[in-house]
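Here is the structure we will look at, set down as structure tokens.
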């Protein structure tokens, strides 16, 4: 998989030197091997730190909201899931497409750093990625064991790009995307309440889920806006945890591409994607399968309707 | 020196909690945080670190200050600050313990913050030596010895036993009341400590150079061009500040209850875009400025006011928790000196 | 600081009997911001309004809360009151303590407590009200009448008479509607055609009126004063402009087996036909299902025969778009389907007919040229039995719960006409009640009984069955308390009437509301009977509820008067409670525009100052005040809260929620 | 079933659209068809004006049940408002259910201006259901309890 | 003042004076009619209305006033708008005093003073000016240059005209931005006027006003030969706690609420320009 990185680097250097783009949005080497960070590269020299590997889980699309406001064109590398967010942002006029050069890149799942730690790997000294396996510090894992939750259920494709850098066929998902949602739905209300109470009471309202979310690009979030009537900072009652997460999930309902960033970044491991995925599941079930970000023109399910839609009273979980 | 078999430790928790409220690392929904010991909680003493630091116990996420009753033009003020009962805080690691010193410098400085102080006075801290420091740990850089966290009582796990050594009167007093403990031998502890120290030396960030954070070069550091690149990926979330054991920025907010107004204070973050926003102006408009503020504060401003003491204890939480893998280590490596 | 006046109305004893109005006024006076709190017997009376006006002036009120009846009743009244005292009319809030409090609760304490909470909620909302002014929009001076029956014709004529242009859109090939099918009309027994056809001709000849028959409404957009309507002119395969209505083609057409709709399918007509002699427009139409040329390309006789080359087998539906200031819905009715009433044998026996079929059988232009004969064997019936209330006043679910209103009278008419023309015919009428309110109606009915000897039997019919070539009508005679069986030659069913099924679709398009029986809802049952709740939509005729001809005509004229009143205005005040976008919050994501039913939201690129001399161009939403109707769909679609609705803002509604929940 | 404190009667917030349901409520009133005083109505222009924030806010403030009433689908005064409301509320209520919050605490009913009787019936039913469920505990904000 | 730094006391607004179209001056005492606490010129207090918010305001009245405190407040945000809409008798909460204040007892003592203010910037200076008037013997000549957008926007116009102008060795220079009917005084911006007046450089200058005015006036003073060590100003920043703990007003190693709001220009130069 090292070859992918080489190809990407080549592409970036070419585009930079030809003047086609003035900046490159990609990932930068970290200190411990796994801690790669999103970065904007402006010169061939700075690209020395460029990496693309199994640790590049971060979704870069949201950075384009600000980046495309700047002078000049930017090259962005988009993994399949990032490209859905990208499309959705294009649909919502948040990104100026003329200012982006998109290169779709192959992704066979990205490593969950927490899982790495659980397996006793503190510093990545060496790694080797295959389509279905990854070897870190000599220890071989199946992708299913080690990748991010979002990656083990990923069904996303490489969508439209200016260019695509891909070598291998995409790995198929390890499990059903709605497995956990269904499991929760099959529980009793009391069990579900207990589950979420435990989960959400861990929330520290750091807003990482919101700030990383490509669907959350409001100029000012209602929760930060003292005039909105629901502004809040740290949760000072368990109600506020629910309020925040319900409203956030609702605000991205029909727009969430299920990129899984919310769960990836939550410092408390709250499976926030299960909230979004619940909405996605309900939308699919009630209004027909819909994948946000699959295109840049369709009406979202919450800005659409049919006369035959079910009544809220007839909607039951699962 | 006292000890207990780890297999018996629930008894100890029960005994402590029968004397005072006991707070210790508890795993809930997959995350370990300090929480009150109660029957049935999943105590997680093995995890090196809680997600939220121990500052939560003295400076909680949110705490009530005042209840106002408002009727017509009249206002009635009722002090709503809770008085803290004595409690035991168990399982504090060296870094978190060090953070109490940093927080004390803020909250116990005149005018003393009574909400903080009452909890600080009420606590008996049982620290716990770190048997297995992680790659993200760099507490040594800030003078912390993870093998020797000097709490009221210092606990060390050796094999299948936990050893307790009282270091203060408060500690001795508590320890003397604990009948579940038996006498233990110091030797095992000493060798464990040595082992820890050796492990610490091998950690990747143990030799971070802070020599450039001197104080007299404040403006030079402030104007360094590297801030732009360092902060590029910053989302402006508050994860680093909220998991940080020394971050202590807060907000004072009002909440309208059904029969009055509750004023409370809660954690705030200098990383938030609204943090310094005034009606018309915002002195820190860009995320770069806010990012710079946070690290300048920790590494330059705070030491300038506190005899060179940094407002970072090297716990590495930000290293582990930053969504985009930005952290203070990267800042120190760029700006700290010969890194 | 706000200075709020609270005015608690007794509504005589309507409120005061269950709500301690004095206590309500007293308690609300203590609310912050309230400077005066009064109670009075009738706030809506001149004296009550004067009380409010004086208080506004005297105390310099910044807002007024009236605790009274529903805002749907008097909000407008009190807004005007305040406006006349110099207060912005939108600084008024109504607490509905009559319909939603005193009238539904019995316990005084409970009702009083609720009234206080409702008052507080109104105060809480009012505190966040801002003075609003409404914009203006121009009025298109043209009306659309949907439906060309007597109701539509009358409305159109009256509107045209006042000098405004009117289009009639009729779905069938001719105007005239159900009335054109009638023989005579009660209670004067004039011939329907004699009084209707002149009006139809008037329509055709009036240059202000444009008749579009065989046409349907495709879509309606816009709002009062500015509707944009698409009309589908269905292909009739005959050029309307060329056809002279000579009827030559009808003679030559070889395909003659089409059921004659105009005669209720009692006889046949050719594939190319003119619905009836006096049809307007007097133009032929081809039934493509029946036409040999269109179906399989073999024929074309009519085209050959036509002297004016009016036949066009390739004609296509055409959609035209027109603008109107007002829309009249006059879609009329049809008799219900009788499939749920097998006991009367309608589908089994040819000689069981509906009253409307009887009209055709008795009509000189009908299938039997006016000789009343049985459909089965064309013999004169000697015993005719009428059955009333077939599907009317039916709560079993098979029919309609309402009274169709016209049956009693037309049955008396039929009975009378039969007895007049065929004195040897026996006429029996099974009835539940005979309802004859109306000028000269009861006299008319009594004439049928007393003068013409019609046999009225109070009772229900159990079943109709055939025996020995007779239709046996088995029913109960409640007065004589006996079962009767009447062997009849012809049975006539007074089928209930229901709104024309097309009305549902039209109602949706014009956003008029409809009741459970598919009758259009009027803006107020008593006070605004010819207007729909949707501004600019008016109701004419049976689409609003069962009516006979005199009533229909008077309502049609009333409706026309309302339309004229609207079209006479040059400008309309727009809704003041419109959405607006906070440009500082808007991200330009277009979600709001996606849910706006009126297309009121557009986007502009706007430059914003960021401070420090920097600027940023952002795409932000703007709302067209004249087009926005204030539904608020956009406000919920908008995740950032940039979209808000004036008069019903997020903060206002949340303040109401808070006030209600405080206890 | 929880015992409801006699002092603390249940509280039901009803959001009614101006054109149908609010008018339906008025008709219930003029027809003297009673329903419990626990039901307090907030008038909104259309059911599509009801923001999930309002519903959560009501629960936060101490409501025990929230009901949204609008025109029958197809009869919306604004043509399409209730269609959007229907989708929004379907999803929101399903989410509340997913979080373990009693389903019966929230409800959507279509009540036309002519359905005074239905309005009263719905409110009676809903109020008795809420009575049965007792106090709202799962979406309460303790700061608002006094 | 209690050492319970974050817990306020109740104050009552006993008088509201409309100074300009958007500035009102509020007089605040405790419910028993006393001054809530003592303060030094330039110090601030936190006023709040529960449920609306809390904000820091400069105390406009002089410490020598033993009866009450006054706050001149310009309507600009949430709290200020609320205050502008309230009436006499309204209670607020008050806590303080906060900040360092002007060095009236040290650096200023015995000096000739120059006060330069723009618009609402006069509010914090009013307290010093009146302090200087009350301790007239401790200070030399006093020059006051005060400018505003228009005549109507001059805060405390009455006091200036009737009292300040009549004070011994007080020179008051008023200016407005644009010509206006009824105004026969100077027209022009403050920085230019300062140069025009040509104030001797032996003054200790205190600047207060909008950032842009401060920037150009400082330039003007430097051009006149002033040193930065002679020039003071007072900063505005968002504050929450007022005691240097909440972190909000931290700029460099200073907390504006505690180490400020009064700074000497040369001190400010050592701070990052994030204020």
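Order of writing sets the chain letters: A, B, C, D and E. Residues in each chain are counted from 1.
Going forward, a residue touches a chain if its C-beta (ideal position, glycine included) is under 8 Å from a C-beta of that chain, and two chains touch if they have at least 3 such contacts.
Fair warning: this is a prediction, and the values are worked out from it, not measured in the lab.
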| item | value |
| --- | --- |
| Among all chain pairs, the one with the most C-beta contacts | C-D |
| Per-chain Cα centre nearest the global Cα centre, belonging to chain | D |
| Distance between chain centroids, defined by C-alpha means - chain A, chain B (Å) | 30 |
| Chain centre separation in whole Å, for chain D relative to chain A (CA means) | 36 |
| Separation of mean Cα positions, chain C and chain B [Å, integer] | 71 |
| Inter-centroid spacing, chain D versus chain B (mean Cα positions, whole Å) | 45 |
| Shared-contact residues (touching 2 or more other chains) in chain B | 73, 251, 255-256, 258-259, 268 |
| Shared interface positions of chain D, touching two or more other chains | 52-53, 57, 61-62, 74, 80, 84, 88, 143-144 |
| Set of chain E residues in contact with two or more other chains | 53, 78, 86-87 |
| Chain C residues touching chain B - in the complex, by the definition given at the top | 30, 32, 610-612, 658, 661-663 |
| List of chain A residues in touch with chain D within their complex | 184-185, 189-197, 222, 228-230, 236-240, 242-243, 246-247, 249-250, 253, 275, 278-279, 282-283, 286-287, 301-307, 309-313, 315-317 |
| Residue numbers on chain D that touch chain A, as the complex places them | 52-53, 56-57, 59-60, 73-74, 80, 83-84, 86-103, 106-110, 138-143 |
| Residue numbers on chain C that touch chain E, as the complex places them | 1-2 |
| Complex contacts: residues of chain D adjacent to chain C | 11, 13, 18-20, 22-23, 25-30, 32-35, 37, 40-46, 48-54, 57-58, 61-63, 71, 74-81, 84, 88, 112-115, 120, 144 |
